[in-house]
Amino acid sequence: MLKVAVVGASGYTGVELIRILHNHPEVAVTTVTSEQSAGKKISAVFPSLRDRYDIQLEALEPEKIAAKADIVFTALPHKAAMAVVPTFLDKGCKVIDLSADYRLHDAAEYASWYEEHLNPELLIHAVYGLPEVRREEIAGADLVANPGCYPTSVILGLMPLLKEGLIDTGSIIADSKSGVSGAGRGAKVDNLYCEVNEGFKAYGVGGVHRHIPEIEQELSLLAGKGVVISFTPHLVPMDRGILSTVYATPKKGVTAAQLQSLYEEHYDGEAFVRVLPQGNFPSTGFVRGSNFCDIGLTVDQRTGRIIIVSALDNLVKGASGQAVQNMNIVCDFPETMGLELIPIYP
Amino acid sequence: MLKVAVVGASGYTGVELIRILHNHPEVAVTTVTSEQSAGKKISAVFPSLRDRYDIQLEALEPEKIAAKADIVFTALPHKAAMAVVPTFLDKGCKVIDLSADYRLHDAAEYASWYEEHLNPELLIHAVYGLPEVRREEIAGADLVANPGCYPTSVILGLMPLLKEGLIDTGSIIADSKSGVSGAGRGAKVDNLYCEVNEGFKAYGVGGVHRHIPEIEQELSLLAGKGVVISFTPHLVPMDRGILSTVYATPKKGVTAAQLQSLYEEHYDGEAFVRVLPQGNFPSTGFVRGSNFCDIGLTVDQRTGRIIIVSALDNLVKGASGQAVQNMNIVCDFPETMGLELIPIYP
Amino acid sequence: MLKVAVVGASGYTGVELIRILHNHPEVAVTTVTSEQSAGKKISAVFPSLRDRYDIQLEALEPEKIAAKADIVFTALPHKAAMAVVPTFLDKGCKVIDLSADYRLHDAAEYASWYEEHLNPELLIHAVYGLPEVRREEIAGADLVANPGCYPTSVILGLMPLLKEGLIDTGSIIADSKSGVSGAGRGAKVDNLYCEVNEGFKAYGVGGVHRHIPEIEQELSLLAGKGVVISFTPHLVPMDRGILSTVYATPKKGVTAAQLQSLYEEHYDGEAFVRVLPQGNFPSTGFVRGSNFCDIGLTVDQRTGRIIIVSALDNLVKGASGQAVQNMNIVCDFPETMGLELIPIYP
Amino acid sequence: MLKVAVVGASGYTGVELIRILHNHPEVAVTTVTSEQSAGKKISAVFPSLRDRYDIQLEALEPEKIAAKADIVFTALPHKAAMAVVPTFLDKGCKVIDLSADYRLHDAAEYASWYEEHLNPELLIHAVYGLPEVRREEIAGADLVANPGCYPTSVILGLMPLLKEGLIDTGSIIADSKSGVSGAGRGAKVDNLYCEVNEGFKAYGVGGVHRHIPEIEQELSLLAGKGVVISFTPHLVPMDRGILSTVYATPKKGVTAAQLQSLYEEHYDGEAFVRVLPQGNFPSTGFVRGSNFCDIGLTVDQRTGRIIIVSALDNLVKGASGQAVQNMNIVCDFPETMGLELIPIYP
């Protein structure tokens, strides 16, 4: 059994990692950390875990933790992650980082959207962990930058079109909607039940959300040229789920049937991407709790635009599930191990 | 006191009409109809009304109803409305029709999206009841076609841009999201609590939603030329509210500040359109229960696109509130009469 | 126009007071205070109010505020209220206090559930503001202690039984359920959307909730002897509403029909208590946004127990609506003025 | 691999059975039936299953199904179940029946709450499948009557008290609250999203809910004498979960600490009952998706009453999970096999 540490276990991605890893036959979660709850049992923070995970939360002492873990998942806020990741690597741990700290390859880009990077040399060392795009690189990585939730939905939605060069890359608009767990577990008025419930809103409007550089970096690599997109995130009154509605103009006329074939071929053999039958479109409700990304697509006959709709569970394929998928690849386990869970419905 | 009949009072727009009209000092709801619940008190169908509206639901006999009403609100499904509206008009009633039956001016267009129209001659007689666009025509109308919920949000969001000719009219994408009350009160599995809750989905993807011809008709009139748009509706797990995120490419560079001024001037004096301060964007939560349409806007510096976000309560400004606003105009009451309610929050 | 100050206007009861008073023809809200948001417009804190209430929030300086208000609503946490109420009274303002500070008549009781009272002499001076119980005393009061939300639902549910001496007063169990707005607008992890949504729980189990002494005080006065009850509050994943299911054993056999008559007679003429027809039971959904308390009742034939179910909107009849009702009585306005709003449904 | 048939697979308990059995290493779901959707793939009815379960729904032909199944789960409405169960038994299948048809031992009792029983001789043959009560009988059964969701929560909550004879059996009040999935997937106005959301209500008030005879039968057996209770169910606007708040008067004084020990000892070794630490009470949110029943308890010092709060997921421990637990016992698999899933949170 590989020993796993979950660093930052008192947030939603942390507890989700534990839920998923509990189902994994080859690893055991042996160490969990939390700054604000160190000393408490994790089951006191998340009573859902009682009788299954009653281990104690520790303070984040990287060297101590590295000494007892083979794999470290860092589920920390950005900046906090890059402060400790180098130590884990130095001590020989494999690291799957769920923060944004190693997703961008370019230090200047990181600085312009976040702040100065503490260890910019690792930016090219880390592998962007979207298995459907770069499975082979991930296999040899010791530091995997686990993608953001929005980027996963947008990139998987557009990959076939960009690889085939079918669309005007300046025409992409991604209108994305997320459940509230994506906002984390911090005590903020904005995320109170009564502030969120029965309301739907856009935020980060106008090209200012920090997931944009990550999306554009990956889309550009797929397209083989610079891609700039419009991206608008929205908040949905529900716990889990991201759905992205993506619009793009094809270079020349294309039919829905042609696109359907393209997507089905492209994702043939991918365990976690389900291309829905023509005329079907996804709902976050049908991927909840699972590692699936569901994709539906069509062509608007009246405007000629391609419309792609992709849906995933932001805490699973958008975070912890994908992290486990990456761990499986890094550790040479079957890629679906521990991730075969069927969505919970309703 | 004018006597009002609400035809089709057992649906959500019906009960909302009653709620709003209860607050109106110049009219009294004296007649309510329902095919499936005729004979019952309306308070048996909607216990919220108990002790305030205990009148009996009648079957829909147009001549009988016309005889005892000055104003008739038809809150019926399409087709059912056009079967009775002519009778109400013949008998001298003013009609505010909340169905889709008189919104399109062109009978062929109606036929292609719905079915053959029963009284196509009324299509040019009816006035499309968006007061912010054609207040004066409404004032003289005896048949007002109350706009759809999605169209109201999209048209109000785009009107200043189109009137000023600032955008490439082929570039418009409206990504709209609605609460569940928009789907009506019919007993369908798709609208069950457990089917909708904790799920977010697109529907009518690819330019097939019946609100499209209505939106395009009005946008075309505003632009002075044919406008074709991409429109994708989505279902949000909440009772009320529509939010539309609208993307458009300006003909030439424009700043957010310029747009802000344009919108503030354009909607200056409009009681129910609130242009939010720059950098603010609406939430459906802040218009719930009110007749407001809130609009926020910006320019995405990176792509040059204009982004407009508009929000309204689909049952109020998107249906019954706007219907009362139209009634006020038709009857020469102050336009805000009965509609001064502040949004309910939370 | 009477001038009204809302002290503590940045919470949910504060904004609800403003919503309701906006509908009141005889008063105007001229002063609003907030410690944390002083200097901001209240519409910046609650965008729902934009264009209707854009007045500025002030710091809480009691003398200054008293000088420009006829009526003061104190919507503060307990302790904060009793620190300022005496000043308002000294300066000649009428005070409707929405906190718990003046609800108990006994200083020792207050101390045992809360802390030492700062002005215990006011405890017997204040009038417990449940109009259906003591309308006449309220009429002459200058300090009204507005009842708690749970107590309103339980007391109204039991009043006829206790006044008639029909039940074993030792047998009362009140199992109450509240929406989340009752927990206030403070930034706490426990009230985050994802912590509350899709979960239902009890809290304050075992006779420890601070509304207990208030309920028992009033029930004892109605019964003419000491009443001790079991009371368990629960949290429901919804914004608004309280529903109490109350169990009691009759002294001798009683039929549902007899109880129905008793309740209908008892509440005959009460504008805001709706005794539902036999066999009907309330839902919080049918009182939302209104000042109604709906009551349904029956007798369990198998056990002989009486079961009363009462429902109200915790922010209206359970707080701000009742406060306005009290203001109307104190100021000799019609008791329903500004409170005629029909529940919003859905 | 044992072959499993899920009869009635297009409802919520059906799809939940499939979700759980997918995780079970010793069985395979090979047959699924649905009257209204026969001929469709089950993944067309529940897109959550796509790519994992794409088998076709069959019509309910008992002999044909029996021929290809070792175990049959009947997830049918009452009456429909007893029409087919005898055939499955005759053909040698083991049956876990999730309907109410075999839960009562007494045919007259069944007739008085439901209708005439079609095969009353099976009522004493069937075993009431609450493993924590009668594990050994279940082991030898060929027909297990899977308990109702409410009964499971109430019986597990009271078992230790009744077995020890600690309470006045006439004093029991169970106030229970359920999520909406308990109402099934039928197309009814009452279960529409907008009818349920933001509302909380009681139903079946006054001792008329059909789960009562089942609860009383089991409580009476535990107590060794007839037990009659008051039971009130409520509907909570959430998908899953049941929480029961149970009140009982002890025969003589008892402390919370004594009860705590009693419950901990009683449930020691039970894999799916978690007795929470003193002072902790359950939330449905912390058992969601799992087979746990969480129990918290205390004594109200002021009234002497015992208060037990139990929570479970109505679709898992309240239906399909418990059915799999029963199957494990019947088939001599480890009792927790396939049921080790940690609750999903949030």
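Think of it as A, B, C and D in the order they're written, each chain with its own count starting at 1.
Here is the rule we use: contacts are C-beta pairs under 8 Å (C-beta built on N, C-alpha and C of every residue); 3 or more make two chains touch, one makes a residue touch a chain.
None of the values given here were measured: they were computed from a predicted structure.
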item	value
Chain whose mean Cα position lies farthest from chain A	C
B-D or A-D, whichever has more C-beta pairs in contact	A-D
Centroid distance [mean C-alpha coordinates] between chain D and chain C, Å	38
Centre-of-Cα separation between chain D and chain B, whole angstrom	45
Chain centre separation (chain A, chain D; CA means) in Å	36
Numbers and ranges of chain A residues touching at least 2 other chains	12, 181, 194-195, 197-198, 237-240, 282-283, 285-286, 288, 346
Contact graph of the chains (line, ring, star, complete, other)	complete
Residue ranges of chain D in contact with chain A within the complex	12, 15, 18-19, 22-23, 46-53, 181, 198, 239-240, 274, 276, 280, 282-283, 285-290, 292, 294, 340-346
Chain C-facing residues of chain D, complex	170, 173, 175, 177, 179, 194-195, 197-203, 205-207, 212, 228-230, 232, 234, 236-241, 243, 245, 247, 256, 281-286, 288, 296, 298-303, 305, 307, 309, 311, 346
Interfacial residue positions of chain A with respect to chain C in the complex	12, 180-181, 185-189, 191-198, 237-239
